[in-house]
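Down below are the structures I want you to see.
Next come two complexes built around chain A: one with chain B, the other with chain C.
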Partner chain A sequence: MIRRLFIANRGEIALRVIRSAQRLGIVTILGASESDKDSLPARLADEVAIIGPAPAAQSYLDVAAVVAAARAARADAVHPGYGFLSENAGFARDLAAAGIIFVGPDPAGLDAMGDKLAARRVATEAGLPVVPGGEAADANAAMARALETGFPVLLKAVAGGGGKGMKRVTCAEDLPAAISMAMSEAQASFGNPAVYVERFIGSGRHVEVQVLGDGENAIHLGTRDCSIQRRFQKLVEEAPAPDLPDAVRAGLEDAAVKLTKRLSYRGAGTVEFLVDAETHDYFFLEMNARIQVEHPVTEAITGIDLVEQQLLVAGGAKLTLDQSMIRPHGHAIEVRINAEDPAEDFRPAPGVVTRAAWPAGPGIRIDSHIARGGVVPPFYDSLIGKLIVHGQSRAEAVAGMARALAALRIEGVPTTTGLHRRIMADPRFMAGGVDTRFFENFV
Partner chain B sequence: MSTLTPEDVAEIVAILDGTPYASLEIATSRFRLRVARESGDANPARAEWSQEWDYGAPASAMRDAATPGVPVLDAVPDGLASVPAPLPGVFYHAPAPGAPPFVAVGDTVSADTVVGIVETMKLMNPVHAGVAGKVTAFCVANAVMVETGTALLHISPT
Partner chain C sequence: MAEISLVDVSMRDGNQSLWGATGLNTAQMLQIAGATDRVGFRAIDFASSTHMAVAVRYFREDPWERLRRVHAAMPNTPLQYITTGMRFIAWQQADPDFMALTYRCLQRSGIGKFIMLDPMHDADAVIAGARLVKQEGGAQVMAALTFTLSEVHTDQFYADFARKLAACPDIDLFYLKDPSGLMSAERVRSLAPAVKAAIGGKSLEIHAHCTIGRGAVTSLAAADLGIVDAIHVGIGPLGEGSSLPEAGRMLANLREAGHSVAVDEAMLAKVSDYWWRLARAEALPPGTPQAFDASFTRHQIAGGVMTTTRRQLAELKLEHRFDEVIAETERVRAELGHPIMVTPFPQMVMSQALFNVIGTERYAQVSDEVLRYVMGKFGRPTSPLDPAVEAAIRDRPRAREIEREPSFPTLADLRRKFGPHMADEEFLLRAVMPSDQVDAMLAAGPSRGHYNPDAAPMLRLLRELAGRPAARDIMVEMPGLRLALHGGAHVA
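This part shows the complex of A and B:
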């Protein structure tokens, strides 16, 4: 049973965790950096602890500072959100040593999935197909790997996710520059510069399966499609994944549950697959051992509060849900509203939001920490809110999203709103089932 | 603690939806909420609503946000070109901690030479010299927060 929950994150996910925890009667303590001390999550949390100065390396990524703050706050559990320390096994171990519950899988589970090589091995053992590739400690090793798998290759942060440190490299000549940039981003985002080299598959869809486990039992909550990505950053997500044969969907879900059970996984997780858009062959990519940005689309179609499930399992309870109780209904779409300047090639645009009129109404959900006067600091990522629309059918969800976006007004910083309006009007998106190259032919 | 929840907003909108009212403003000691019917859809049954929350952001937050980091430096000395920060963020001289810097004073650069990176929102943005010449000075120390347009280094064009 968790009574005092420390939230080691910021922005919309911090607020979202605070809301579910408060509904469960849990006292919330937000661990905030100096630059977030007046943020909406800080105002709505029951208590606030300042963990350090604005740069993430000295606050949200500082394991010792966060553990010390959680101890001082007498927290019995820490929710890490996504990004930052959410998949850091050392952090989970230090919390355990301090007698504090980490809301997530146990450190061994984090190690198994956080190390992409180990994850591939476990996935292969569980019978899941994988994409050719491997880890590279430095630029020379990366080159050797790339020559093995053949160009083009994809560079990914071993410790990470979320597209940070991810680069596509088409020829050997470009590799040295790309690898140093990818390693720097990996270091900045996850505190670990190691990079993973993987064969790049041309026409692929990014489909993932939400899972929940309690160490013994595991269930899935259906698929999500996150193929609409710009520079490997997800922009639009939907559930369920559209335009997939039933047998393929069932195959993905079964594979995800198999892996979750094999890991004796505890908590919420996401098993990511690359699905060939034409043949529907699928490959295991990675498992994200945390709540994900796009989790609300799954919540919208299943009616399950995933953060609540995380907190219950972390508190020691067994899953009270079984597979037969998961009855997805309708279709949901999420768009990420980022503070980015479309006129400057979507460069991040920190600043102060002078007006935030979010859409409202039936089927609409807003997950945002930004109200009038909300600050978008230059130190963190550019997400200022998520707009989620649920409809009885995909067509209804797309139309509802288009109307909701028409009502959305953010002033003070440029945003991706206009881009999303154009995506919703794109015939390929309206038809459904696009691959990750969507933006190559987007005007 | 009782706060304004998304469920509260949904209920308020549902109530208003069945009325001719176009907007509603609620102010409490804790927050202000404005819910409004967005014009543009002639059919009121399909109207979209908007929600604006105001938790009274302190003026200090607005002020701090307006002037973070180091100020834009002095004018460029005669005959030199300055390389401005392309966006706000933290300026780094080297690709990684401990690594050699991209360029040093005295180095010859072309317009495309990467002279540093600005880390903004966890993305590393390369800074190009923009002009061919010789690096004469760094105007900003390593790992310092800069604003858009801050002069990062000076180049003597060739």
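This part shows the complex of A and C:
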């Protein structure tokens, strides 16, 4: 059982973890960088440990510093949140060596899912369909793969995640330049130049399944649709994924549970699929072995606190939930409010928030670490909060989100609020089931 | 020196004894479920069919959803459900198939321990209920030895009853249940060993209410015997009063007596602090230590029933006959075979006594409840009724009407009525509750998952302010706080 939990993250997710941990009666210690020491999570945590200076490489990404701080704080577990060290198997191993629980799957599970090729292999073994494609060590190999699978193709870093280093290539002439850029980006971001070439599905939807496992049993908590993306970054997420035939939805959920069981997976995870918007054929993409940014939409429809479940399983408990106890209700949508400047092509716009009037009301949830006077430092991502709206139906959720966005006022930094207002009013979005090319025709 | 566990009754019996079962909603329980799970309780007394009905009627909350969500947050502690065996929400005895479905759904939703209580101490009824539970899942069954003072409720009576039940493999453990707080320390020293001798290796717990200040001392005396494994307690404001002994005090006293209790004291303090903050925020009266009242051990009439009777007499300008009514209550109880004085029986017995005192002759007027009781609709009375009284009660036209009352429909008939595709949980509620109440519950959607006692008064203020459309902009300013409410915004 976890008694002292070290939170190796910042921003809204740190606050989110603190809330669930405190509810369980766990003492929380926030590992914060110098620039976050006065943040809202730092004020609400029971204790704060400074792990390093502002730049992430010297604080939130510094494995040795975080492990040392967790140890000094006498933490018996570390919650990594998302991003940063959340899927770093080396970090999980170092914690284990220090006798500290990593709130997430075991290092072998992280290894299996962290490497896209290994993940693809395990998924294939578990009987999941995968997108045609394969690894390429150099430009020639990439060309051979591309000719095999057919253009357009997508280049991805083998070790990557979060859309970094992804390139879409429509014809053979563009491939050599794209591959060298992708490989150098992969090297710079993930320390591994290997890239992966796969068939690009023209009209694809990004649908994912939330899973929970305790090493033996596994259940799913339904689907989410994250097709509204800009440059492979998710902007709007919803649960359940709209406009899917029941058989397809059930197929996705079953496949996700099969994979989770195959991995003897412990904790919360997300199995991502690419769904062909026209044929509804689906392909396994990857499994994210952590809590996702968009987890609140699943919490809204299922009533299950996913962070609480992560902490319980990490503490050694077996899941008390079984599949029959998961009864999704209604529809939920989340939008990410980022401090970005729409006039400057959505460049991150750090600064001080002079007014933060978040909406409130039935069905509205705000996950944010930013109140009036809150600081958005230039060192990290630009997410300042998530607005989640739950309604009895999708139409009700969309209308509720539009109303909530109309009431939202953030001053001091530019935000993506206006963009979201336009998305909610877009007839394609209102109809539901858009593909990932949504922004190509977005005015 | 014994190893003693604690069972927390705060959310069910504490809430029922002190706050009329309407004190707590799903979010308020869910908020503290995870921490409560970590205290180290042997079980959490959590639900009953009364609580489930209150969830629907009063809070418009789905009681099944409540069970599932609380269970999800509590992997370490079984949730306990108290039942009289063959009834679910409706007062009538239900069809066994219907009860089997109820027990199946309760276990699927997370109930891990059942209390099987037959107020008449009918062993066959308890065994039948236990068998149904075991047939539908793996939950534990604890049989209630419901304590009362009467000439028939001797140590031997309880030992004989317990022996019959202990022979049944479907009954795992027992508890001495003292719902009115009548048991003295002296009595537990003879009663618990007599029962323990009858149940052998099966575990024994004690549940002694504090109604006349005896609960804590009796529980401690039971612990000292070394044959009782668990003591039932309420936490913070949900202990004392007519509830169970307060957990923190009980823990300290047990340790003082040299017993070992595997409870995390710091975690218990956190949970207690939460209940105190909630009680203050919601203006719910905390349980307070009760003074001893010797007369209560004679008449056993709970305060609420007593007050109602006094008021009725006052309205009839017959206050001076109150003592007569009390004496008549004792007489009626004996004539009716010494029913245990827990709801609905004290109300039933005392109102009969009132009719007998103010009427032209004894049993000239008889309530439907008394008729149903005498006709065995609540089960088999503990000891035989006075034959003359029974004959007098049965000899009236109303008795024949009640005899013809339709019995609880069969499961198959109910399924036909509601259609074969209705989900089990909704079906069970619709079978026993008015449909408009179930409709309203479903329309309200899922329950909230969070509750913050510190913010609750502020949210209430905001809700009321927002309900006044004339005030478009409202500002509350005080040191350290500035709160602005602008027209158009609304607060849940």
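We take it that the second predicted complex is superposed on the first by the 390 of 443 C-alpha atoms of A that agree within 3 Å, B and C clash if a C-alpha of one lies under 4 Å from a C-alpha of the other, contacts with A are read in each partner's own complex, and residues count from 1 in each chain.
We take it that a contact is a pair of C-beta atoms (placed from the backbone, for glycine too) under 8 Å apart; a residue touches a chain by one contact, two chains touch by 3 or more.
Nothing here was measured: the structure is a model prediction, and the numbers come from that model.
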{"item": "Joint occupancy of chain A by chain B and chain C, clash or fit", "value": "clash"}
{"item": "Which superposed partner A:S189 touches (first chain B, second chain C, both, neither)", "value": "first"}
{"item": "Touched partner set for A:A407, first chain B, second chain C, both or neither", "value": "both"}
{"item": "Contacts of A:P378 with chain B and chain C, given as first, second, both or neither", "value": "first"}
{"item": "Partner chain(s) touched by A:A360 [first = chain B, second = chain C, both, neither]", "value": "both"}
{"item": "Partner chain(s) touched by A:G134 [first = chain B, second = chain C, both, neither]", "value": "neither"}
{"item": "Which of chain B and chain C A:E308 touches, first, second, both or neither", "value": "second"}
{"item": "Chain A residues touched - chain C or chain B, whichever exceeds", "value": "B"}
{"item": "Chain B versus chain C as contact partner of A:H329, first or second or both or neither", "value": "second"}
{"item": "Partner chain in contact with A:V352 - chain B first, chain C second, else both or neither", "value": "first"}
{"item": "Segment of chain B that clashes with chain C, given the candidates 20-28, 56-64 or 146-154", "value": "20-28"}
{"item": "Residues of chain A that lie at the interface with chain B and also at the interface with chain C", "value": "359-362, 407"}
{"item": "Residue numbers on chain B that touch chain A, as the complex places them", "value": "1, 3, 5-6, 9-10, 13-14, 17, 35-36, 38, 40-41, 46, 48-58, 60-62, 64-66, 68-69, 86-90, 95-97, 99, 117, 119-126, 145"}
{"item": "Interfacial residue positions of chain C with respect to chain A in the complex", "value": "31-32, 34-35, 37-38, 65, 68-69, 71-76, 108-110, 267, 270-271, 445-447, 449, 488-492"}
{"item": "Residues of chain A defined as touching chain C within the complex", "value": "1, 23-25, 299, 303-305, 308-309, 312, 317-321, 324-325, 327, 329-330, 359-364, 392, 407"}
{"item": "Residues of chain A touching chain B in the complex", "value": "19, 22, 38, 40, 43-44, 46, 55-56, 164, 180-181, 183-185, 187-189, 193, 344, 347-352, 355-362, 365-366, 371-375, 377-382, 403-404, 406-409"}
